[in-house]
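Think of it as A, B and C in the order they're written, each chain with its own count starting at 1.
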Amino acid sequence: MTVVGYLVNAISLGALYALIAVSVGLVFAVLRQINLAQGEVMAFGAYSLWLMRSLPIWLAIVLCFAICIAGSLVLQVAVFRPLRGASALATLIVTFGVSYGLEALWLVVFGPNGKPVSMLIRLNNTVIGGAIALRWITIVDIGAAALLLGGLYALLFRSSLGLRMRAVAEDFSTARIVGVRIERVVTVAFVLCGASAAVVAVLETVQTPLVTTTLGLSLIVVALVGVVLGGLDHLGRATAGGFIVGFVNSLLGSILPEQQLVFVTSLTFLFVVIVLVVRPAGLLAPRGVGVERV
Amino acid sequence: MGAEPAAMTPPGAPLGAPGAASSRALLEVEDLEVTYGRSRAVEGISLSVGEGEVVGIVGPNGAGKSSTLRAIMGAVRRSGGQVTLRGKALAPGRPENIARLGVAMVPEGRHLFASMTVKENLELGRLARRRDRRPRFDDGEVAELFPVAEEFRDQRAGLLSGGQQQQVAIARALLADPDLLLLDEPSLGLSPTAVAAVFSALAHIHELGVSILLVEQRAEMTLEFCSRSYVLVGGRIRFEADRSTPIQTVIDSYFGADPSARSELRR
Amino acid sequence: MTEERARVALPRPGRARLRLGAEVLGPLVLVGIVALVGAQLSAADKTDAINVLVTTVIVVGLYVFIGNSGVISFGQISFVAVGAFAAAIWTTPVATRDATMPDLFGFLATPRLTSTESLLVGAGLGALFALAVGLALMRLSGLSAGIATFAVLEITYNVLANWDKIGPGPTTLADVPATTGITQALVGCAIAIVVAFAYQQTRSCRLLRASRADPLAARGIGVSIFRHRLVAFVISGAICGFAGALYAHELGSISVTQVYLALTFSTLSMLVVGGSQSLWGASVGGVLLGVLFSFLSNAVNGTTVLGFSFTLPNGLNTIIFAILFVGALMLAPRGLTRSREFLAVALGERPPRARPPGTIAGRSPGAEVPLGAEPEPSEGTPTSGAGESAHTGPPR
């Protein structure tokens, strides 16, 4: 593969992580809660694709969206609503527990061996062969992410609903005082999370057609790293952070030799620690942005 | 500041007689209690605001003024008592619903959405409008009342001066077309000119038929502006004052009745 | 003079000391009972009892930092890992080391320690590692602390699993002397409890606990939260490293996945369910959930209770722990003991009114409460002004 090929692949993986990061960022913006359970919604979506393997592809995908959105809403009612007003950290800990429990649930229900999902495997075929080696899925990845993120941007900045969402994100209690129906805004946020989870579930199963129990946590932890690096307080930066982490990971994966590659995880997390200590508002935040620190 | 417009009380509105107000009361608060953990901020107060009336609440720092206002709005939990609007009980805990019943609040410290433009802030104000009636004032009138809002439409609200922000905050509340306007310390941190501008605007709003409940620390100005004022000290209403009440009586009540009120707590 | 009267006549400090003695006795007696019962059991069940005791050491280690500082750490299992591998490697026969880990650094490859020595080394390395990590991280709190300590766990795991110069890498290091019996586990547990308890009596710990309730006020009167947190972190690291060494000698083998996420999750659950803010809570959580954990782990492999033999599906044990963990956090953030110490529970004293810290017990408005996110009164959350009281409270 050439440099162009590496770059395109890196963009594609970055786009995938940007989609996960934006869901984490969205929930944090609206509720100041950390949605670690988003990963398990994606896993649930991926498993649902396996369950629906005999259905027509289009129907399976539509149902996957419905299932992910429903799952996301169930989590909002069962976990996030009772935790309103709790600290962000408390939500991190609780959703960590929820994710861990759900992972075990997948183990019980679907077994330890992973489930093959090969419905869209054709997308792995190459568009341009040879040195660049561009696959269809790469294009679909980038296209879907661009569409979703662009749509979200339009929703937030060009619609009345988006205005309300931004109001809630900026000042929760004042938004209520001016009459923003908070529950609707929260519901919309979780619907968006569910939709993005479905997109990730579909794209991820194309690239890795074997769904395992650890799918959710492994993706969400990397995305969370990106969110923290970019800046949790700012949706755009959080998303960009997710993209960068995916991008760099993919690039390093193509460049580094195997025996050094294994330590990329360590380097990434070391970087996270350094950023948290030195620039707690995130790498992408402008200088001077303060963050609670006791 | 312009005090004389406040003298205009719409016909039929009771003046200085809370007992009589109950038949035509717009807002009635009975035995309101607010507690934070173990400390009681408001200890059973009752008050009313008549249709078209301008009522003040004065008191020292930490007397429970803001808590009262926020409890009426449903923004803090009340531990006892009842709030009714035109005889209809207001359920606590959902300020967004109360806003949609025709109560608008200008919170202490303005609380504009700082990263948004003035225009966007005003648009959010329109959210709580009731659909079943024509608004009392159109955008033009609000623009006339608060030229700042028009002039800085596309400016980020956070970049405005305190006085300008206060004007936008009141404009935002007005665009909800409220029957009752709750104001929490609108003069806080403003220059004398800005305070005068705010109060003259309020007088105008009152003329248009909006009832006002005004919480203020500046007792003298408030007594002058409102048809009646409640003096709130240590979470209780000490007495009701009006324009004829000597200001010294009010000040004395701050310190006389409850020694704990003497400790000026930083807000 | 009867003994009774003599006790009554004791001067105040003496009586306080007596009370202290009784206080530490609770956890000690509890683990003593586990050991006594365990000693009577069959060999297989005895292993479970040992495991309960060793797990309790880890939970006590977690408590020393998390409970006293009110700051969460997902990273303490890193110190367990370091202690476990140090103890395992240095006590494994040199020949085995040469055969299975040929790339080992010289200082790891040759010296051979006794098990007892290795426990001390485990504790020391745990403390040292905690010191290094703590110097960098102890200024963080809340969400940042949670994520940063998680990152430490990930780094430790990643390095241990891949660097064959410092350990067995992804493989299991067998041939570790299995010297942790019931007695050793009991003594280890008792040491951890006494250390945690003694630390709790120090001025540094008192200041730390005070800062947990109100960090700003503590800083205002000149308390260096950083220093006191660091002390707690290092002591916790020492206990965790010690526990790791005990653990390696209990298992007789060690692999890096045994000291990673699953152990982090199960021990955190024990702390939270028991009551994260008291030593009694940590001990009760460690023992009770430790027993449950052993039972469930056995049930996954098939077990017999009262003549019924059954097998739980693999994963159900984790699900039950997750339910307990999440349920405790959401419904009873102060845990089974309501985070009271042993005597307060035994004498039926009322729990302290102070709120649980915002860090692990979600409900309370700590420094990390998001701006303006008030608890919804309609949802039946306890009355807490969520920062509201800070500026509208009455002057009392």
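One rule holds in what follows: contacts are C-beta pairs under 8 Å (C-beta built on N, C-alpha and C of every residue); 3 or more make two chains touch, one makes a residue touch a chain.
Because the structure is predicted, anything quoted here is derived from the model rather than measured.
**Student:** Of all chains present, which has the mean Cα position farthest from that of chain C?
**Tutor:** Chain B.
**Student:** Using the stated contact rule, I'd like to know whether A-B or A-C comes out ahead in C-beta pair count.
**Tutor:** Of the two interfaces, A-B and A-C, more C-beta pairs touch across A-C.
**Student:** How many angstrom lie between the CA centroids of chain B and chain C, rounded to a whole number?
**Tutor:** 52
**Student:** Centroid from C-alpha atoms only, then distance chain A to chain B, rounded to Å. What do you get?
**Tutor:** Centre separation, chain A to chain B: 44 Å.
**Student:** Please report how many Å separate the Cα centroid of chain A from that of chain C, as a whole number.
**Tutor:** 32
**Student:** At least two partner chains per residue is the criterion; list those residues in chain C.
**Tutor:** Residues 374, 376, 384 of chain C touch two or more partner chains.
**Student:** Among all residues of chain A, which ones touch two or more of the remaining chains?
**Tutor:** Where chain A meets two or more other chains at a single residue, that happens at 171, 173-174.
**Student:** Specify, in ascending order, the residues of chain B that touch 2 or more different other chains.
**Tutor:** As it turns out, chain B has residues touching two or more other chains at 75, 94.
**Student:** Taking the touch rule as given, give the residues of chain B at its contact with chain A in the complex, in rising order.
**Tutor:** Against chain A, chain B makes touches at 73, 75, 94-96, 99-100, 104-105, 107, 111, 113-116, 120, 123-125, 127-128, 172-173, 176.
**Student:** Which residues, counting only chain C, touch chain A once they are in their complex?
**Tutor:** Counting only chain C, the residues touching chain A are 72, 136-137, 139-148, 151-152, 154-155, 158-159, 161-163, 215-216, 219, 225, 261, 265, 268-269, 313-319, 321-323, 325-326, 329-330, 358-363, 365-376, 379, 381, 384, 386.
**Student:** Note which residues of chain A are touching chain C in the complex, please.
**Tutor:** 31-34, 79, 81-94, 96-98, 100-108, 112, 171-174, 221, 224-225, 228, 232, 262-263, 265-266, 269-270, 272-273, 276-277, 280, 291-294
**Student:** So in the complex, the part of chain A that touches chain B is made up of which residues?
**Tutor:** Spelled out, the residues of chain A in touch with chain B are 160, 163-164, 166-167, 170-171, 173-182.
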